[in-house]
Every structure is written in structure tokens, then in C-alpha cells.
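Labels run A, B and C following the written order; every chain starts at residue 1.
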Amino acid sequence: MSGSGSTMTPSPSPSLWTRLSNPSHFMRWSGALTPWLAALSALVLAAGLYLAWFVAPPDYQQGETVRIMFIHVPAAWLGVFFYASMSLSAVGSLVWRHPLADVAQRAAAPIGAAFTLICLVTGSLWGKPMWGTYWVWDARLTSMLLLFLIYCGLIALWRAIEEPNRAARAVSILTLVGAVNLPIIKFSVNWWSTLHQPASILRMGGPTIDPSMLYPLLVMIAAATLGGITLHLYAMRTEVMRRRVRTLTIREAERLDAGRAQTVPAALPQPL
Amino acid sequence: MEARAARGRGRGSPGLRLSVEDLACRRSGRRIFAGLSFALAPGQALAVTGRNGAGKSSLLAILSGRLRPDAGRIRVTDVGEASLPECLHGVGHRDGLKAALTAGENLAFARALLGAPRMEPRAALARLGLDHAHDLPVAYLSAGQRRRVALARLLVCHRPLWLLDEPTAALDAASQALLAGLMEEHRAGGGLVVAATHQALGLADAMTLAIEPPEQSQQSQQSQQSAHAMADAEDWL
Amino acid sequence: MIGVFAALVARDLALATRIGGSGALSLVFFLMIVALVPFALGPDLNLLARIGPAILWLAAVLATLIGLDRLFQADAEDGSLDLMGAAPVPLEIVVLAKVTAHWLTTGLPLALAAPLFGLLVALDGAGMGATALTLLAGTPALTFIGAVGAALTASIRRGGLILAVLVLPLMVPTLIFGVSAAQAALGGTVPFATPLSILAGLTLIAAVVGTLAAAAALRWSE
């Protein structure tokens, strides 16, 4: 945040990354990019849905219910993807103290949590016809449940600490600890699951998948990734604007208060 | 309950009289003060002075009913059946404002809670030069602004007795003058003001009660202090 | 008096939605405990279904503790409690209003989410309904009992731990009858209505005793 009223100017010889990650620049390029990105993801999504509904054949065992996979698997992928992106942002936030890294991290958490929840719900709905019950303590689903709980903890920590910079640091540490732990969690849940469950249990998806189903799935994954990134950019823009509003509101309160004695038209401060 | 409070509020009634006799306070075994006496008639103000830890805040806590006195009596008369806590406004170090709510919401809540509504929250804030803060969360306000929002509470409900603990803390000169004006107005309407303060309140004819901690020769100090306080009080009766 | 009560409830609800509060957090905690049990016991759905109501109730009791420590402490710290003490109503009304708002934001979501979390422990439809009903009837008792502890520890730093130790023993009867009512619905010798009405009775007793005791504790806290 620059104290003077002037707009932020990039340093003399900025690298591309520096320029892209400057908050004002970010607002400019992301504002131009998001509508196109949204349109593109809508297109790919339409194509993916068409393929999933009309082109992909029903499974010889599971019948039409297999189509849940086209939502379930992309959601699971995005749940993990956003956690990975949050871990990268956490490094950026801790090492370079970059405000935009905080913003990226904060914006990713609810989206990642939402996709993880979608994965859990669709998995549960898929489980009913397959296992006869909505929930089975299957290793993959259970891992996703734990991921969802970790997301909830991160969001709670964001909300609990009022000062944004301190919150960003605390959440970054927790994110990285979680990132180190996720493989361990995944491994131990697998171990726990095989310890208790007969190996004959039907695995969802399965390692071998027919190309007629694989391509629609890949398109759906691409659509979900594009859509997720679009959502993330929108969420980041919202977060930047929220911080600007916060800063401006505080400034405005101070300015109007100072203006009680003498009305000084202060230059509008540049926030963030 | 509300009817009872309403009876006590009438502007036309003779107004609250407060008399304190031989009040003593002890906290965690330590004697804070003893033998305090004073009496206030409608329109009078009392400035309580003394060193840090002399018991100014304890006196206000006793008057507001949060702390039990070790000895002594507090009497209120001419307010109908309302009890003392229902007759007073307290503004202290802890401002009772919720940071997540806006200034207007905080005041509207106080207005609904305390009863006997007087000014609208927006008007009360405007009196304190804070009309722009009506829709701002209190978290965004500076210490001085918060204090003024807390003081605006004095205006949203009518209560005859104002108990103010260091009311001028965090206030600039203009706001201090504003507060002095509000207190004069309140007294002109028959209200009472008791303020613990380090600084001059800007009230020309306020009584002063100096609380001094009891020292080695406690007995003599005490009698002297109580005599002092009595003399002070008698000056004004 | 009703106006003051409504103002207090509305304010606490506004604060809960504004800050996010403990409601969502206790819900996550609830889910977390329900998820932990199978890791300890193993994912045998038959076993989980048999002890499902017990798991949900145990999780609900522990989740009630979340946020309880701030019930009066937050207001005591910033002076709001002094303001409420000056209201022209008894302090019991203040306590009742604050506990009501707290239950609406923590206890009620627990009871409503219980059927959903019942899926995790393979409860059938009847079991889910019964557990939700018993939680609906029983969680107010937990909140009222907890309010006494919250009032006692309002001015104590690190009161949260003491709070848990203080109130958990007092919650045992509610737990006993809550679980037995839910188990009765799953089949057994006792009819469902008997433990449920005892549970409702416990809630009424807790409402009276809890309100009076919490107000007394707050009155003498300074």
C-alpha cells in the first residue's frame, strides 16, 4: 500500500512475474481475462456434458449411474488441485510476503472446500446404487473427507484472526503442515482401509477405463479445471476489492473526522 | 418492568437525588477507601479525583451496582421504584461496543436494551460529530471515535445519572468541549453527573471528591478524609 | 421485557452471522468426531450402525463445548455485560436471551445436521429421525448447563478448559437419556416415548436451574 496519493508504479525494470503480480496490474489483466476464461470454460463444459450424456456408453455393470463419475472425478481432482495451489501460495506468502499470494490462498480455500464437498456428495450418491448404502469408509472417500475437514480448519483460522497479514502467515504455516501431512494421511488411510476391508470391494472408477469413457472424462476434467481457475480469479478479484473497501472505509472515517475541524480534500489513497 | 422505568424517567419529576454515606471498599483483602460520603441533588456534578489505584473506578463500580461495598449506604430518592442500575448510564474503559456491528447498530441495541428512548442513533452520532460513522463497523473506528460512539449512548436513552470513568480519555480538545457541553445540558435538565477524571472536565461549578488511599495512620487519615468529603458535600447541600 | 429479550437475541444472532462465530465451527467439530470414531473402531458398518446414536450424541456433547467459553466472556471483556446489567430487566432475562441465541446458532444446526452425519455411521431412516429428534430435545439442556460454566468462567482467562471440566459431569444425565431414547427407536424393550419425555424434562429443569445459576454467577463475578 503506498502512503502517497500517487498510483503504484512498477519498478524500473520489472520482470514479467513482478508486473503480473502487482495488485493494480493484477486487477487490470485479470479483469480483461476473466470473461474470456468464463466463456471458454462454459464452452468446454458444454462439450464435456454433451460427451458425458450422449456419447459415453452406460457401463455394462453399473448402468447409467456411472455418469456420476463425470462430476465426481473432476471435483476430486479440483479439491486436490486447489490444495496444491494453496500450498504454492503459502510458500509465496511466507517467503516473499507477497500480498497477492495471501489473496490467492484465501480465495482458493472456499472453492477447494466446495469442490471437495461436491466430490463427497457425488461419491455418496454413487455409493447408494453400488454399495447399497450412502457411505462406506472407502479409503479414497475417507481421504477426501479428511481433506474437507482440513479445508474447514483453514477457513476457520482465516476467520478467527482479524488482522489480514497475521492471518495469512498463520494459515500459510497450517497449509504447509497439511501439505506435508496429506501423503501420510493418504497412506495411513489406505493402510487402515485394507486392514479392515476385504480386497474384493468394488473400486470406483478402476484403473482400466475404456477410451469411450476416458475422453469425455478428460474433457470434463479440463472444463472443471478451467471453471475452477475462473472462479479462483473472480474470488481473488473480490478479495482484492474487499481489502480496498476496507482500507478506503478506514481512511474515509479518518478523513471525515479530520474534516470536522477543517475540510481538507485529501487525495484518494491507493489501497493495498 | 418497563412501566416502572418509565415512571422514573419523567422530565417533569423532581429528579434523582443520590446520597452516599460512609462508603467503604475492599478488594482482594486490600482496603481501597473508607468513609466516603457525598450527596448530589438534581443538576449537580461530582468530579472524583485521586491517584491511580486510589479507587475511582471502584467507586463507580459500586455506584453502578457491579461491586458490593464493604460498608456504607447508597440511597436514591425521587425516582419512583426504579433501582439504581436502572437510573444510570455508565461509560468506562470498556466501552461496551461490538466491533463487528456498525455504530448505528450498537446504539440501536443500547436504545432497545436500556429503554426510555430519547434521540435516534443517527441524531446522537451527529451530536458527537460522527454522523458519517453510522454505517461503519466499530472495528474501523479509532480509539477517539469509539469513545465518542460510547458517549453517544448517553443521548439515545434518558437516564438521570451519568457515571463516567475518564470520559475525556482519547478525546481531542474539540470533543472534550463537546462533552462538557453535553454534560451541562444534561444537568440543566435535572440530571446528575459523576465523573472519575484526571483532567479538568470543563464544568465550572462541579464538586470535587478527592479519594486518597488510607496510609499508615489509617484511623486519623480516614476521619480526616471523611471530614474532608463531608465538608465538600456540605458545601453543596 | 419482551422487547429487550428480542433485542438481545437479534443482536447475538447478528453478531454470529457477522463474525461467522462458533456455529459453523461446532458443526465441523461434530463432523470431525463422527469421522474419528471409525478410524478407532474400524469401518465395519454393522458395528457403526449399532453404536451410531451413541457416536452422534457423544459428538454433540463435545461440540456443544465449542464456543461456549465465549458466551459471556466476550461481553464481559468489552463491557457489554455492564451495559446489560443496567437494563430494566432482571439479569435472568439477559441470560435466557443469550442462551437462546447461542442454541439457535450452535445446538439447532447440530440437531438438523445429525441425520446427514448419520449417513457416515450407516444409520437407517428411523435411526436418523430418532437421533435428530432426541438431539432437538436434548441439546437445549446441554447449552443451559454449559451456560452455568460459561458464566462462572466469564472473568477467568483460559476459562475454556476449566469450563469443560466443570460442565461435562453435569451433562451425563442428558447423554444417558438422549442415547437411550435414540437406541429405543432402533428397537429394544423400552418404548421410545419414555426416555424422550425424561429427556424433555431434563431440558426444562436445565432451563430453569441453568438460567438462575448463570445469572447469579454473573451478578457476583466482579
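In the analysis below, a contact is a pair of C-beta atoms (placed from the backbone, for glycine too) under 8 Å apart; a residue touches a chain by one contact, two chains touch by 3 or more.
Note that the coordinates shown come from a computational prediction; the quantities given were computed from them, not determined experimentally.
Shared contacts of chain B and chain C, meaning chains that touch the two of them, come down to A. When you average the Cα atoms of each chain and compare centres, the chain farthest from chain C turns out to be B.
Taking each chain's centre as the average of its CA atoms, chain B and chain C sit 38 Å apart. For this pair, chain A with chain B, the centres built from the Cα atoms lie 53 Å apart. Chain geometry summary: the mean Cα position of chain A and that of chain C are 33 Å apart.
Contacts with at least two other chains are made by residues 19 of chain C.
On the side of chain C, the complex with chain A involves touching residues 19-20, 24-25, 28, 31-32, 35, 38-39, 42-45, 119-120, 122. Across the complex, chain C meets chain B through its residues 1, 3-4, 6-8, 11, 14-15, 18-19, 77-80, 82-89, 222.
Contacts from chain A toward chain B in the complex involve residues 162, 246, 249-250, 252-254, 256-257, 260-261. The residues of chain B lying in touch with chain C in their complex are 1-2, 4-5, 61, 64-67, 82, 85-86, 88-90, 92-98, 100-101, 105, 109-110, 112-115, 153, 159. Remark: chain B residues 129-130, 132-133, 136, 139-142, 145, 174 touch chain A in the complex.
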